[in-house]
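Structure record follows, encoded as structure tokens.
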Amino acid sequence: MSTLHTVNKSPFANQSLISCLGHCKDGDAVLMIEDGVYGGLGGTGLTEIMANAAKSVSLYVLSPDLAARGVDAARLMQGVQGVDYAGFVDLVATHDRTQNWL
Amino acid sequence: MSTLHTVNKSPFANQSLISCLGHCKDGDAVLMIEDGVYGGLGGTGLTEIMANAAKSVSLYVLSPDLAARGVDAARLMQGVQGVDYAGFVDLVATHDRTQNWL
Amino acid sequence: MKFGVVVSEGPYTHQAVDSAYLFVKAALDAGHEVPRVFFYHDGVNVSTRLSIPPQDERNIQQNWTALAKGHGIDLVVCIAAAQRRGLLDENEATRQGKDANNIAEGFRISGLGQLIEMGIQTDRLVTFGD
Amino acid sequence: MKFGVVVSEGPYTHQAVDSAYLFVKAALDAGHEVPRVFFYHDGVNVSTRLSIPPQDERNIQQNWTALAKGHGIDLVVCIAAAQRRGLLDENEATRQGKDANNIAEGFRISGLGQLIEMGIQTDRLVTFGD
Amino acid sequence: MTIKNFLYVNRKAPYGTIYALESLEVVLIGAAFDQDVSLAFLDDGVFQLTKGQNTDGIGVKNFSPTFRALGDYDVTKLYVEAESLAERGLTADDLQEVMYEDEDDDWAEKPSIKIISRAEMADVMAGADVVLSF
Amino acid sequence: MTIKNFLYVNRKAPYGTIYALESLEVVLIGAAFDQDVSLAFLDDGVFQLTKGQNTDGIGVKNFSPTFRALGDYDVTKLYVEAESLAERGLTADDLQEVMYEDEDDDWAEKPSIKIISRAEMADVMAGADVVLSF
């Protein structure tokens, strides 16, 4: 039993991502979409929190949203994986529930 | 020459208030309205930042917004002053420009 | 698998409804079913047929209408949220004494019960909002 | 003093337009002038006459229409933002081949130049948004 | 009919936006469907439950009394996160009383609000079949 | 006619919301009014200027090339806050080049983007007559 969490807001503007990570169970997945993809950037003040989360939670970003914002996948921190919309659908299907952090 | 800044978002959810305070000049005023009024609460993790800002900037909350949210004026941190809509209008008139942190 | 989708923000202003559209298309492509999409909060604004986006931009309403037609998706607009925001179908307009209506083909105005029902009858619920 | 006011969010969803309304009333009460209010982004949604709020809630559009009438305020709705979001007056609807229009009395559709002009001609500009 | 665990997640402050009010409208309608219903209040959502809300000065309807009617709809599980309260300088005393009558205990009046830790909130979330976020 | 200093303040990321695009639409129209125009990019607003934006996968129009046309409209002062860039792991190299031809200097090509400190940004803000926030 595990949950897919989605986060769609920039972690530099909004606390949603931090709150989401604080409520994940081991084995959950977090998918960052829309402005949320900035949460996957390496070398920021958030990287340590994210690296710590990655020990127990799978981290994903929606690649089309990343490309729209001009962020090269090489800029993602280690442990964050890109998925396309088909991958998004698979994540929803393979987790027991989806919780959207709006 | 001074600026009235307005902030309408909760500082617990959003970085607007912090960014606003980081761009104030000495003698500016910050008016917290709508969900922004929570920024005036005493005894929170933000109180120290606010107390520091209060040394060079005047801090206000819009009282009708505070009352709507069930926050008694006694809960405001020291140095934060309540104003009504007439006071809001006066603040706009007596500062050279208004900058709204949306 | 059956997916239910909620759209909570209006068109053009937030990306939510664009993300929802691409998600639904991808779910259908993968062989899943999407029996219903529920439009709530400002999401009801997606259903207006009076929108005229610039020629070089997507037409969000028309895209949804076409997708729903092609795949039999029930596009439900919450009546309470719609009334507040000025979205009416012909029946509602007549009943409320309004001189115009603005709901596009393929969208259906109904109650919040349809949202709960979608939650009960689908295997997964995904919300796109702000 | 002359105040210009910008409203950037839609009715009921965000408090912005309520705050703007109370601010404009207070400014007028204090003897200031508010020659124009400019509705941009989702703010254009305020101008629909098809809104039917619950009986125990305020009617945002009607309040603005009445205030504008009583004080000669020019309520300008940005045409580009309005077209995207499905807000049309009769002329626009005819010109664009749409079968309905939805702009309320007291609101006027015009270009973004009216926003800049307001910035030039007023002493203070205040924006209410999200 | 299958009974599912519906969880309504409230993370936003009241009045600044309509989400809190329209969330409550879903809860009221949803109560008719005989599902297992819980409400979660965390982050700024805890502000929805403060007592003494008075909206006369902002021209917006005060919907906070509606929470007290939830018991009549058999909505009796309102989980409030302790850490969210503490971060905002709030305590349980700042929240309004929301009660219900327990039909399994001779209709005794009991509090609907349960203050739980963040870890317990994560458990509540993980126990839901359907999560509706506002 | 009086000439005022108009400052457009951009604090939001592109595409997730329309504010960045509709801000640019105001700037383009406003350019016809012969005012003194500056654009400020701070907080998530700095993301608007990143190079390599490709929106093919999200079905939304890529408006980032429009920034490069601003010089033709005599909009030549784009202030970007250094601290905002650094907090987001960005450097000047991540931003697209925006140039203008300086009519006072034999039409020499010059960069429109000026990276300034937070303190300098506060000065830019304090120097405005009209602040439009997006």
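The first chain written gets the first letter, and so on, giving A, B, C, D, E and F; residue counts start at 1 in each chain.
In this text, a residue touches a chain if its C-beta (ideal position, glycine included) is under 8 Å from a C-beta of that chain, and two chains touch if they have at least 3 such contacts.
All of these numbers come straight from a predicted model, not from anything done at the bench.
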Seminar exercise, completed: Listing by label each chain that touches subunit C and subunit E gives A, D
For this session: Give the fewest steps needed to get from subunit D to subunit E, where each step moves from one chain to a chain it touches.
Result: 1
Exercise. Which chain maximises the distance between its CA centroid and that of subunit F?
Worked result: E
Exercise. If you list every residue number at the subunit C and subunit D contact, are more than half found on both copies (same) or fewer than half (different)?
Worked result: same
Problem set entry | Chain located farthest away, centre of subunit D as origin (C-alpha) | A
For this session: Tell me, please, which two chains come out on top when C-beta pairs in contact are counted per chain pair.
Result: C-D
For this session: List the centre-to-centre spacing of subunit E and subunit F in whole Å, with centres computed as mean CA coordinates.
Result: 43
Exercise. Between subunit D and subunit F, what's the gap in Å when you average each chain's C-alpha atoms?
Worked result: 27
For this session: Determine the centre-to-centre distance between subunit C and subunit D, using the mean Cα coordinates as centres, and give it in whole Å.
Result: 26
Problem set entry | Shared interface positions of subunit E, touching two or more other chains | 15-19, 43, 58, 60, 130-131, 133
For this session: Check each residue of subunit D and list the ones that touch at least two other chains.
Result: 12-13, 15, 19, 22, 41, 57, 80, 125, 127, 129-130
Problem set entry | Residues of subunit A engaged with two or more neighbouring chains | 8-9, 12-13, 15-16, 34-35, 64-65, 84, 97-98, 100, 102
For this session: Indicate which of the five shapes (line, ring, star, complete, other) describes how the chains touch one another.
Result: other
For this session: Provide the full list of chain pairs in touch.
Result: A-B, A-C, A-E, A-F, B-D, B-E, B-F, C-D, C-E, C-F, D-E, D-F
Exercise. Within the complex, which stretch of subunit F touches subunit B?
Worked result: 9, 11, 42-43, 118, 121-123, 125-126, 128-131, 133-134
Problem set entry | Contacting residues of subunit E [partner subunit B, same complex] | 12-17, 43-44, 47, 50-58, 60, 62, 64, 87-89, 94
Exercise. Touching subunit A in the complex: which residues of subunit B?
Worked result: 12-16
For this session: Please name which positions on subunit A make contact with subunit E in the complex.
Result: 1, 3, 15-16, 19, 22-25, 97-102
Seminar exercise, completed: Contacts from subunit E onto subunit D in the complex sit at residues 15-18, 58-61
